[in-house]
Amino acid sequence: MSTFAEYAISALLLVGGAFTLIGAIGLARLPDFYTRLHGPTKATTVGVGAIVVSSVIYFSTLGRGIGVEEILITAFLFMTAPVSANFLAKAAMHLEVKTTENTRGQTWDQ
Amino acid sequence: MSLPLVVLLPFLGAVAAPLFAQGGRTAIAVASSVPALIALAALFPHWETLADGGVVLHSYEWLPAMGLSFSFRLDGLSLLFALLILIIGLLIILYARYYLKAYENVGKFYALLLCFKGSMLGIVLSSNLLLMMIFWELTSLTSFLLISFWTHKQDARRGARMALAVTGGGGLALLAGILIIGNIVGSFELDDVLAAGDQIKAHAMYPVALTLVLLGAFTKSAQFPFHFWLPHAMQAPTPVSAYLHSATMVKAGIFLMARLYPALAGTEQWFYMVSFTGMATLLIGAYVAMFKHDLKGLLAHSTVSHLGLITLLFGMGTQLAAVAAVFHVINHAIFKASLFMAAGIIDHETGTRDMRRINGLWRYMPHTATLAMVAASSMAGVPLLNGFLSKEMFFAESLELNLPGLIAWLPPIVATLAGIFAVAYSARFIHDVFFNGKPVDLPIYPPHEPPRYMKIPVEILVFACIMVGLFPAVAVGPLLFLAASATLGGEVPEYTLAIFHGFNLPLFMSFVAFFGGLLMYSQRQRFFDFHARFREIDEKAVFENIVLRIVDLANSVTARLENGSLQRYALLLLVSVIAVAAMPLLDLGIFVGENGLSPVDAPTAIAAAVLILCAFATAGLHRQRFYALVLLSVVGLVVALAFARFSAPDLAMTQLSVEVVTIVLLMLAIYYMHPWTPVETPLKRRVRDIAIAGVAGIGMTLVTLAMLTQPFSSISEFFLANSKPGGGGTNVVNVILVDFRGFDTLGEITVLAIAALGIYAMLKDTALTPPPSDGAGHAWARDAHPLMLSLIARPMLPLALMVSAFIFLRGHNLPGGGFIAGLITSIALILQYIASGMEWTEDRIRLRYHNVIGLGLLFATVAGLGSFAFGYPFLTSTFDYITWPVVGKFEVASALIFDLGVYLAVIGATLLSLVTVGRLSPHSAIRPKQEGA
Amino acid sequence: MNHWLTAPVLIPLLGGILQAFMGYAPISLRRTLALATTFLMLVSAIVLLIMANDGSYRIYAFGNWQPPFGIVLVLDRLAALMLVMTAVLALFCHVFSIGGADEGNRQFHGLFLFQLMGLNIAFLTGDLFNLFVAFEVLLIASYGLLMHGGGTVRTVPGLHYVVLNLIGSAVFLISVGMIYSVTGTLNMADLAVKVPQISGEGLSIVKAGGMMLLVVFGLKAAILPLCFWLPRAYSKATAPVAALFAVMTKVGIYAILRVYLLIFGDDAGKLANLGMDWLFPIALATLAMGVIGALGSGTLKTLVAWQVIISVGTLLAPIALGSEAGLSAALFYLLSTTWTVGGLFLVSELVANQRGSAKDRIITAPKMQSRTFLSVLFLVGAVAAAGLPPLSGFFGKVLILQSAEAGTEMAWLWSVLLTGSFLTVIAYSRAGSIVFWRTVDGHLNKPDPLNGRVSVAAGALTALAIAMVVLAGPIMAYTDATAAQLHNADAYIEILQTPMVGEDS
Amino acid sequence: MILVALYITIAMVTLAALLNVYRVIKGPDAPDRVLALDTLYVNAIALIVLLGITLQTRMYLESALLIAVMGFVGTVAMAKYLKRGSVIE
Amino acid sequence: MELVFALVIGALTSSGVYLILRARTFPVVVGLTLLSYGVNLFLFSSGRLATGQQPIIGTAASYADPLPQALVLTAIVIGFAMTAFVVVLSLRNLADNEDDHVDGKQPYKSPAPEEEEEVTGK
Amino acid sequence: MLDRLSFPQPWLSLTLFVTWQFLSDGISGGSVVLGLLLAWGIPQMTRGFWPDRPAVIRGWRAPAYALRVLWDIIVASVEVAKLILSPRKPRPMFICYPLELDHPLAISILVSTISLTPGTVGADVSDDNKLILIHSLDAENEQEIIDTIRARYEKPLLEMFR
């Protein structure tokens, strides 16, 4: 396995792990539901995406072909993450989940 | 052949008789008497054999394994009883012809009567104790139906049930006794049993056997303290009571004692049990009879008393006593039958049986009166009548008992006392009915003589009384001799059937009895006053109360145990499981097998911790139902991860897809339920449940620990070795599912299919109204199908289908297979339902899920049946590598068709279930917005 | 390999599939096909009985995989007996249901046939896990059938029945896991080979597993204290379903016979006769409980439901004592009681239909229609059930009594059984006299007259109590042979050597 | 080197998963729990992929794909329940 | 590892058992599901635990016991069918008794004895 | 009958075919045949599920847009990461974004984009498809965000769907 590949894989892994963790931290410590929504939709998605890509490279360098499963997974995540976020946001607004005091603007009533 | 015929005929008659019911009472009466006549004719030729001291045996093999055979036996004893049953039976039939009203169900009556007669004949003629047992219980049953013939009468029903309970119950005791005897002797054949008398008496189980047999006999022949059922049996139509009291039913018990006399009698136990029971019965019966105002009541208690007398005689154990007993059986049968018929006539003509109202009938029905008076005198033991002879013998025997000290005087005194009472109540029967002033407002007035033919039976019997009384030796001598010898098993003692034995103690006792009785009757008022001090107990009421008491008790016990609480039942089940598993697991303890523990990696440990935490959280927070669901899905997810972590990709995928479907289903459900569970069970119960749950958990932990650390080898080596060569696939799990154990999978998809069909059937016409708002009071949103979701959902379907195809096709060699593919397709479709609604979706996929299910099962089955063609068993898979031009080399496996069946069944079942539940929704008719856009 | 063995499984399966397709076909067609299926099943069962009567074991290896690796069906006398018993009962129940009970739900016949399939698999399979699958098939079908008939009365008993059986299934799986984790096999014959060789801690694990399995079978068989779900479930079920359920408890008993005589039999070394010492007192207690319940029941159907529990106790007592004679007696009684109870359920239904609002409750009501016919049927059923002469029940009980060897067990068995019979007689006579004889004035708004189908079905099923007496000789010969065969586990084990198709034997 | 990176990544993702579980249990509102669950699913994908790399096998990638699908459907269903009540109508 | 796994099964079992003993249908259903998870894991582990030994010929040096995996797969499916049925049954219970109590909140009363007393004629 | 033989959604069919070639490791005769089969069959089965197709889609503009979005996603994630890790409190804001797009597909693409890119989540779309509600994690002023979105994403989408 070429050292470049090794670097790339390790880097992607670490970046992915980091983003996943950050997304989770966001989910854990941000003040209200709407702000928490941002962590998973972006960071986590990207993080997992990176890890999956690293898997693609890893196995292709092992000569096990290009994993289309990984690609499907990534595509799927990027397609669905916003939808879930949107849908959850609507649910939250419907349930009149409280926003932090410093939130500007209004939610819509469902 | 003739003996079985004798027994069988009445039953055939019972079937035939009702057919003559249309022809009127005479026709049916004639028809019903045919069997008896044939029977008598059939018995007659055997007289010679018996006279020469022989025995007629007709035996046919039936169930040797059980010791039960169709064997019948005619000897003196059985002949005597058979004749009584048949002849008196005939008279009863004739009598009943006039007794019954035209509108009554004569067909039923004669049918039952004949069945009863057949059963009685069965008892006396069987030569196999088990066979006799069968007829014994049959008499209980048939008499039950006869006594309750007038089902509209409460007393009749109660009396019948009481009779059944007592005699049927006694029968069960007798059964036990007979089984023990058969066990001792090693055969139920009468000859063997009678021959093995000493062996039986020597056996340790003899007392038990004796007690049980006597229980049977005493209950049947109404011995104290089981006598109470008999008087209430007179609720039956008079012909029946006449029959039951004189020749049959009650005589069955007596017959049994006579029959088994050689086998059981002649021991201390026998003597005390039988004679003292007899004595008590004799006295009590006689005493109570005195005070009955009901004509039949008086007779019934006199029957009890006379049965006691006979029992006492058998109990004495001397041979002469036995002879006397047999003799009294004959006499009592004759006079008691005639008396009952007379009573019946009086009842029939006056409309009442109350002696306080019936007076001075002499003036109205002198003929009947004469007959009744003769019979009654015989009952009283007046000289020159048959009753006198046997009673005289009885007195004599009562003196022969060599009992220690003063007790020696007990039998004669009791005998005389009973004699006095007998005379008294007989006197009352004569005087209080036929003289004693004028009748008191009779329902039918003026009474007059009954139809001519109704008296003939009585006349015949009374004539017999006199004949036997005057010329005993001629009239019954031979028969009595035969019967006695049969009873005693051969040797018969010296006895003379003379009217006069000279002036001796027995004669003196008779005089005392006679004049004492008359004196007592003349002073009756004193006795009535005395007797009136004790309040009469109505046994029927007592019995009924006891039964009701038992029923109530049973009711409350049942209600306490079977209290309709699932929590209770589940608790019992779980506790039972724990209880039985506890002992072995306790000797197991905390055991780590020789394989020891393997190291844990941090992520696994953390995942496990998360799972445990969430599992407990689910249990702890289950009251917030939605919360519980979220936690549950975390658990499910981690379980799936565990499967992946421990080398089970197929399981991981299955678990994932099944879990999400389950969650969706549960969410469909809680929509209609309260969003939270109320606190109901008291803390104490919850603590108890926690304890039980804890024990269960610990138990499972210990077992798992021990199990996982034990060395292990299994049949799976075979699967790993043969999966590719034999099953044509490298995914061993899948090959097991579709090939090695394909039959399990067939069953599994059948379960899935049935569940879906059952769910469909169960909700077909169920209506549920969901709460208008969620727990926090937010009304549900109007917008059913948000734009983005429905847009994203659609492109997913084709992709999902392709993925399913992919997963399906590779399943035989790589993780996947029909089941998972099916679930993916289902999920994709469910997503459409969620995103765009039912109506919209079903417009686009026209599938009748029932058919999809059926198709799935069909494919799987047919795939299995294919192998029949090649002579291979069901589900034998074949596979081959085919090469086609463009396509190239590829594998075709019959297992793939089977897997296709699985695929379809899963889709059909999953969607049918979810859609069925979805249909409950009141919105399910609303058309989604997208239609417009 | 003899394809006949699959007939009792495949016939109802295909019939059931057909029903699934025919959801919207006219009811007459569905009825005809369903009934034909049940009839064919009976035929196949009889064929198998004749085969099995030669005393040899026949196996059918699915997928032509040598046991213990593949799943096998094993036909022996016991299996054949159970098959015929079930098929006969099923046929009459099916005929009865066609009298109208099957209306209002298009799935009825499908469920009915799948239930039979499950039962037959259970009786034939030689594989422990496949037995689990069979149980699940017959259970899920029974859940569906139990809920059949609309109305709200069945829901709660049904729910209890389902939940308890789900717990039971979980326990079953745990037991299978325990046993497999030590023996590494699932085939019963192979288990019979492996179990005696177990030693050390494996012993405790298998013992625990075996005992838990006994509880599971006990739940199915409805022994004390696992029987309380039954009375309401059965008495609330639609008549033909309740009647068919008469066989359900017998499946539990069958499983006990099969597993505990073969795997934990006399030759099972340290695990020989596992749990049988527990079973005897429990059986007697169950019998007593049944009698108490019968005495306290307020409706005919409840009375009959408790009779089911009585018979379970009566059956298990001699089985627990384990003598060959006892086993044979139990099998004879098994036939008798299953059919009788089935018949009584049907009769009770007919009675209920004739008594207006009083239904089958044991209370006074206006005189019912066709009273004589029904009361005679009830009388026959009651006599057979209570074990009075001259019907089959009596013979069964006498055989059971005879089978007990002298000793304390005998004393217990005899006293409980006979006292039980005595009280049962009281219960039946009381119920019968109140329901049939005690009438009040006033008339019922003309109930629908008995149609031929239901009368024939109920009558025939009850009349089997008489037929069994006539045929008692051959039947006893068969049960004796069956008992002997069951006690000779070694012969069963030899099925492992059966050559597969294409191998030279 | 890959191995080191792999272990660090696994550690980070596991930690992330723990934080998600914390949010699932903490709430406070239903949407928070669902969001956290959704994120947990996504993390599970990462874990499976990482497992595959560690074991050098692709056998578990389909499981990861399925987690993605099932996670989404589950989230959607729950969100719809919260908002609309009836998930399928 | 084995201990951890055992503890997991223990936890699933006990939480399942506790919930099964509740008085409402919903917790009972959840309990049954938890119990079935535990049971499935147990049955699965009766083939012992293995890492990276998926029983797919040619993808590993040695293989985990495939039989329990197949059994558990069957068990999961059957479990799903049963869960689905009991969920719907509890809905039916809710519909019939306007209550989700496992006993339908309908106190059964067996006919009272006075009802069975002899009542003659009218 | 003829339409049954056609490919109702050529793009979909192409996608399916290509993906299938990847899925079945290595292009072979078999995979091609099967791929064609699926590429024809699946669209046939699912044709009903597709939204009414937009008047014009300029497909070739899509890749450019995708790349831009991908880049923005990465940037966005970094920013969100910074914010999450920084101790200072975010300044969240709900913003109503007036739409120029009207095609539902285009709108949902826009909302998705918004959700994936700089600190914003597309929270809701008004029933009349005229407004989007955006939640911004950390916003200074409303207009700035609106303008960015308009310029960077909505314009290209308008180009695509006209």
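Chains: A, B, C, D, E and F, in written order; residue numbering restarts at 1 for each.
Quick note on the criterion: contacts are C-beta pairs under 8 Å (C-beta built on N, C-alpha and C of every residue); 3 or more make two chains touch, one makes a residue touch a chain.
No experiment lies behind these values; they were computed from the predicted model shown.
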Those chains which touch chain E and also touch chain A: B, D
Remotest chain, chain C as reference, centres from CA atoms: F
Maximum centroid distance from chain D, chain identifier (CA atoms): B
Winner on C-beta contact pairs when A-D is weighed against C-E: A-D
Euclidean distance of C-alpha centroids - chain B vs chain D, Å: 61
For chain A paired with chain F, centre-to-centre distance based on mean C-alpha positions, whole Å: 16
Rounded Å distance, chain B centre to chain E centre (Cα mean): 36
In chain C, residues with contacts to at least two other chains: 129, 133, 136, 140, 143, 147, 156, 159-160, 163, 167, 174, 177-178, 180-181, 186, 232, 296-298, 438
Numbers and ranges of chain D residues touching at least 2 other chains: 10-11, 17-18, 30, 34, 59, 62, 65, 69, 76, 80, 82-83
Residue numbers of chain E (touch at least two other chains): 20, 25, 28, 40, 42, 45-47, 51-52, 54, 56, 59-60, 67, 71, 74, 78, 81-82, 85, 89-90, 92, 96, 102-103, 108, 110, 116, 118
Touching pairs among all chains present in the structure: A-B, A-D, A-F, B-C, B-D, B-E, B-F, C-E, D-E
Of all residues in chain A, those that touch chain D in their complex: 6-7, 9-11, 13-14, 16-18, 20-21, 23-25, 27-28, 33, 36-37, 39-40, 44-45, 47-48, 51-52, 54-55, 58-59, 62, 64, 67, 69-70, 72-73, 76-77, 80-81, 83-84, 87-88, 90-92, 94-95, 97, 110
Complex contact set, residues of chain E against chain D: 51-52, 54, 56, 59-60
List of chain D residues in touch with chain E within their complex: 55, 57, 59
Contact set on chain C toward chain E in their complex: 129, 133, 136, 140, 143, 147, 152, 155-156, 158-160, 162-163, 166-167, 169-170, 173-174, 176-178, 180-181, 186, 232, 296-299, 302, 361-364, 434, 438, 440-441
Residue ranges of chain E in contact with chain C within the complex: 20, 25, 28, 32, 35-36, 39-40, 42-43, 45-47, 67-68, 71, 74-75, 78, 81-82, 85-86, 89-90, 92-93, 96-97, 102-104, 106, 108, 110-111, 115-116, 118-119, 121-122
